[in-house]
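Labels for the chains are A, B, C, D and E, by order of writing; each one numbers its residues from 1.
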Amino acid sequence: MNRLMTAKSLRLVIGGVLLVVALAILPLLAIDIPGVLPGPTYTPGTLQLLAFALLIAALALTYRIMFGLAGLLSFGHALFFAAGAYGLAMTLEAFGPAEWPSALVFTVAIAATLVLGFVLAATVGALALRVTGISFAMVTLAFAQAGSVLIRRNPGSATGGDEGLALDTAHVPPEFVGVVDTRNLYWLALGILVLVYLIVLWVEKSRAGHVAEAIRENELRVRVIGIRPYNVKLLVFIAASVLASVAGMGYLLLQSGAAPRIATADFTLTLLVIVVLGGAGARWGAMVGGIVYTLLDQRLTALAGSDAIAALPDILRVPLSEPLFILGTLFVLVVLFLPGGIAGLPARIATGRKQHPVEPEEAVDA
Amino acid sequence: MSGPVAGEPILSVRNLYGRIAGQQVVEDVSFDVPATGVTALLGRNGVGKTSTIKSILGLIDRTGEVRLAGERIDRMPTHRIVQRGVAYVPEDREVFGSLTVAENLRLAERDRSPRRELVASLFPDLEARREQRAGTLSGGQQQMVSLARALVNENRLLLVDEPTKGLAPRIVDEVADALAEAARTAPILLVEQNLLVVRRLAERVVVLSSGRVVFTGSAEELLDDHDRVQRFLGVHDEREAA
Amino acid sequence: GGDADGADAAPVAIGMITSQTGPLAAYGEAYTAGFEAGLDYATDGTGEVDGQELDITWEDDQGNPDTAVAKAKDLIGQGTKVLAGTVVSGIATSLAEQAEQNEILYISGPAAADAITGVNGYTFRSGRQTYQDVATAGTFIGDPDGKKVVVFAQDTAFGQGNLAGVEAVLGGQGAEVQGVLVAEDATEFTPFAQQLVDAQPDLIFVAWAGASSGAMWTALQQQGVFDAAPVVTGLGDVATYQAYGDASADISFLNHYFGGAAGTDIEEEMITRLEEAGAVPDLFSVDGFVAAQMIVQAVREGGDDVDAMIDALEGWTFESVKGEITVRAEDHALIQPMYQVKLVEGADGWAPELIETVDAETVAPPVAG
Amino acid sequence: MDTLILLVVTGLGLGALYFLVASGLSLIYGLMGVLNFAHGAFLTIAAFLGWEAGRRISDGTWTGLAISALVGILVGATVAVLTEVLIIRRLYERHIEQALVTVGISLAAVALFEGIWGTDPIYTDRPAWLTQTTDLLGARIPNDRFLLIACAVLVLGGIVLFLKRTRYGLIIRAGVENRHMVTALGIDVRRSFTLVFAIGGAAAGLGGVLASVYYGYVSAHLGSVLLIFAFIVTVIGGLGSLTGAAIASVLVAVLQQFANFYLGGTGDLVVVVLLAAVLLIRPRGLMGKAA
Amino acid sequence: MTDHSALELEHVTLRIGGALLLKDVSLTVPEGEMLGVIGPNGAGKTTLFNIVSGVLRPTEGAVRLAGADVTAQPVHRRAAAGLGRTFQTSSLFPALDVLENVRLAAQAREGRAASVFRTPRRTDAATRRALAALEEVGMAQRAGAGASGLSHGEKRKVEIAMLIAMEPRVILLDEPMAGVGSADVPALTEVIRGLHRGGRTVLMVEHHMDVVLGLADRVAVMHHGELLAVDSPEAVMANPTVQSAYLGTAA
């Protein structure tokens, strides 16, 4: 039984806890990795970047349970991220009876946004899950597109249109405002990632998670053994979507605003790229994908503007000075030559060039 | 058609290895298929009969030496091999479900003058259903489409994998008739579980076990030997070969 | 006033954030070149303000607010007291937010949104705003009272802002204002062109941005809009001069700036410097130039004390490329002259020609807030 | 009345453009079983190179346009074939990966085009007749719409004939379902696939050149804009169904025109709602076959 | 004793497009019976199973499970109500291993099968039931193997193990012997007999006549979508229509 608690998974738990602790003390250290990070780890710029990477990792993780676990290829995941960001921004602005303390307003706004995310996820999921496969992808795309159009249209000046919505800091705890407090935001992002991870882990390991996996394989068969796939898919959809809106709230605080870009289909495609880059088959793959993508994106831009590139002849300079070109090409190469993504790397290295896949390590345990 | 010289096998397989998803499923298999009659490839579930046929056709990764009437075909892509006159009736029918019966048959026509009447006379049921989508056919009807696709051309060799699986007894009879008829014009390598059919059609048998050849000889020799049948085709045994 | 005389004082850190890549990279380039020219001019080629060094860092916002905020936080974290730049209104809003949160000075770039004016005490602007564009358009119809003005615009913040501007400016003067707003993603403008004709206006004001302009102008021409009423629009950067096709001669343009519009000495200075650097004067060159002048003024008077810098800028009147410019104390609006322009066809295609300079006060926006 | 006619005919013109893009997409979907996100890139590169060739030889004339179209078609076909042979083929039968790879290609391609041709649209010249209008029952219809409609009809007819009259139609449909079995019938399925890819690419190429006529410019984002609608049209019409795509193109474009004009610019929203509604009522699209 | 039968079909007719797939089929299967279903290929046997299990809805007529009308119920409800089936071509969850496949079925039996609040454990009831089911069909040793790598016969057995784990009261078997080597037929026959022996009602479509005759209490004969006869095996075998339409000479 490869899913049950074993010595190996105990080791994994300890390793995971150590990793989280290491990440948590990063703002207190002065680690400088030139070429990867813009500066030492305690500087706000670097922390901002890392926090952003952690949030994207969390978001990618939520996408993984939809796509990797339940096989739901959604093109509308950005909608829920945007719902978190915009929802919190709008409720923070709309609410706030003067006599309430700020902390209360903040808490209520978060709760309201969660409810909003849930209702939206339940509605979209309930409709979209009536169809499957590419049709499902297209219905989710349609909803996301509608959301994106609405946000850009700025109905009732609620979303700020193209300019986006700035965070109204009146009710935001002061610990989360201002550059000097970037490390608090970093810890917040780390907290969100850990939270998302634990919930995702819980869903995956539960019976519902197993059934979701079975549905991915053969839906009719699941029905014949007496389980209604729709409910399980809806559950996974809602879980992933609400978690995405949690990441969206973190994003709003980190960026002090929400921009319409995060609601577009392009953003969902980016997520898909991230999850595949990291490896859809594993939780940590999605997270690593999120972090690697964010850092790459940022560093490639720096590279594109560098003098070294400017000095190259046109035929090299033009492509190399386009970060998206490099990312896109890299992505194609990963899909072609590294089917498991980054998460598949260790296994490939371990097995070397042998054709035989390794037998599952854990013996059957009756 | 210039048939092969008497005695020379139409198909000769030497040291064939095949693997699926990195797993060795055919190991060092060698046998010949004579230029006439039916040769049955037997063995218990999962020993690699289907995989052997697929290896011959290049449908799975394979190494080894395979000759069709003397010509090496083990490096050829599948469609080349088939174009040389090898027809394949796959185990799970593999009809094109979204195509109609007529389209399935048309797709299979390779020859300039396909033998449409022969097929029509063998499977009248299909004639009536020419415009039905093959995916909605019953299991047995699909099996007929699959057979018809092979018989519509003139072939030098037929590779037939469990053609009677899921057929009603009367149809089993008919299929056996059709195969007997087909065997008169082209040799057949037949995988079959129904030993009655084997006895009726096959002159020679090759028995596989765990991916290897364990017996080659005449059909009668094997089938009349109760012991051997027990041994090769299996007594009831829970530790089934994997 | 400040007391920065220390040649030994630490250099003042200045962060410039603008699009070097992304959809608006061309605007970013003009702004950057203008800034370099302005800095050279304002510091007499020394790059220093009264001996005080300026430590200028350029960052690429990629047209993406996330990137811009990250870059801004990084700069602020490293002690930057002055931020400037960006073409994108959405980014300008975010940067203004950062400026307020972190109490630093921010001088926004060519971003035109009216909302940036008066958004907070730390934010200034170095370019014109939508209201000034609209008010300039209004100068084409003489007395607007009783006239019918149709605004043809995209249904975006930019287009809505323009409509609101026209309603405020010309509607306030007695004109009947009607808006024909087209969804931003629409690709077919023919029926709308016909709608314009059917409205029988006295003036048509077009506020359009982006790639679809060419198709839009073709549609107006095909449906005979130019025969129906005078058409006014803003003249964009050099790259757009050829976009109007056959319609070019029929359009009246309002303009923020084009090379040769002002005819001032400082303009000469700028153009010389631009050409030395291999650039051409363009729509947003002046925004960069003015930004440099404002930064130098702020540092000269305020050193690296943000409040002192703000004091130095509020109410400051100075000579610049376009003539006399004032930073209005109340809301930091930039009061500046605008231009009426037409396109004439020459050997190298269509080129702008000045009709008239519009007085800064005539087009000054009302105080925001 | 003339507004109605204008809306319908311009809607048809736009629908024709959607169809030109969707036809290749639908064909390649029918072949690969995945949506080809790189289709927009095929279209864009064809538009760029077609424009480059046309303007060098004879700008703003019918000859120039013909040369652009020819070059566009060739470029579209070539790029599609290269993509198929070098990339898609290595991933055969891994539909999700194939789709992903095309996402990567489209990202990289747009960036590359921006690097080469810049981010601003490049305005193009075309024959004078195309910029003029023809009076139809009181409506002044821009002439280029007629060109679009004619080309779309030709492409539809051509591809339908190709699929009906040649064996390739059968091979492709069968090959999508079970590639192994098609080879086991003695058919070199790879060659048919490449051919169809070439046809899809050629249709995209023609679409690209015509799109540059319609919009009056070429830009790195030309393809991405059209691609979304081509997807929607393909799905509404029923995946893999060419006639479905044609009907859906017209439906979507005309509806879009009307909603944009009468319903306050909600064209895109209405299309999206239509897509959701069609899929929920008829999951297979208007003309789609059973899964 | 209940006063109703395990399964009742009342005047079931199914039309798809222009084709009449089932014509006015009425059938009553008492509790605990093993009913063989035979008929030529295309007679409508699988279709009949699809109607009973809810994969298809009849155009006319009603389906009753233990007296309750389930005609309008979806597949999963009927399964939860105690109806299990296998498919003519085997269908497992290829990405899961053998035990996981069977445990899913066991889970479904327990209810709250898809709960997020329950995590499968090595020792829980579902796992134990799954292992017992595998033991019963002789596949316990293969519990850890991936389902995609099983041979045909093995897949069949795992499918039956899934049925056992579901503990259904009514079981539909669609050609369980198809493709199973003759050597394994007796073993599988025993497994099926075991299914039946537990008091379950079993309907089995099968072309292996010896298996049908050996197991079935009664045999239903279908032909062209009609139910020709339901009778004892001997009587059915003696029926001349069955002889000519179905058995031919090979019987």
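Quick note on the criterion: contacts are C-beta pairs under 8 Å (C-beta built on N, C-alpha and C of every residue); 3 or more make two chains touch, one makes a residue touch a chain.
In UniProt terms, the chains line up like this: A, D = Branched-chain amino acid ABC transporter permease; B, E = ATP-binding cassette domain-containing protein.
Note that the structure is a prediction, hence the values are computed from the model and not measured.
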Labels of chains that are neighbours to subunit C and to subunit D: A
Intersection of the contact lists for subunit C and subunit E: A
Centroid comparison with subunit E (C-alpha atoms), farthest chain: C
Longest centre-to-centre distance from subunit B, chain (CA-based): C
Pair joined by the larger number of C-beta contacts - A-C, B-D: A-C
Distance between the centres, which are taken as Cα means, of subunit E and subunit B, whole angstrom: 29
Between subunit E and subunit D, distance of the C-alpha-averaged centres to the nearest whole Å: 48
Euclidean distance of C-alpha centroids - subunit B vs subunit C, Å: 78
Inter-centroid spacing, subunit B versus subunit A (mean Cα positions, whole Å): 51
Multi-partner residues of subunit C (each touching 2 or more other chains): 155, 185
Shared-contact residues (touching 2 or more other chains) in subunit E: none
Residues of subunit B whose C-beta touches two or more other chains: 21, 23
Residues of subunit E defined as touching subunit A within the complex: 53, 55, 74-77, 79-80, 84-85, 87, 91-97, 99-101, 103-105, 107-109, 112-122, 127, 131, 140, 143-144, 162, 166
Complex interface listing, subunit B residues touching subunit D: 57, 59, 77-79, 82-83, 88, 90, 94, 96-99, 103-104, 106-108, 110, 133, 135, 149
Of subunit D, residues touching subunit C in the complex: 2-3, 6-7, 10-11, 13-14, 118-121, 123, 131-133, 139-142, 214-217, 219, 221, 225, 257, 260-261, 264-268
Complex contacts: residues of subunit D adjacent to subunit A: 35, 37, 87, 90-91, 96-97, 100-101, 103-112, 114-116, 228, 231-232, 235, 239, 268-269, 272-273, 275-276, 279-280, 283-285, 291
Of subunit C, residues touching subunit D in the complex: 22-26, 155, 181-183, 185-188, 190-192, 194-195, 211-212, 214-215, 218-219, 221-224, 239, 242-243, 245-246
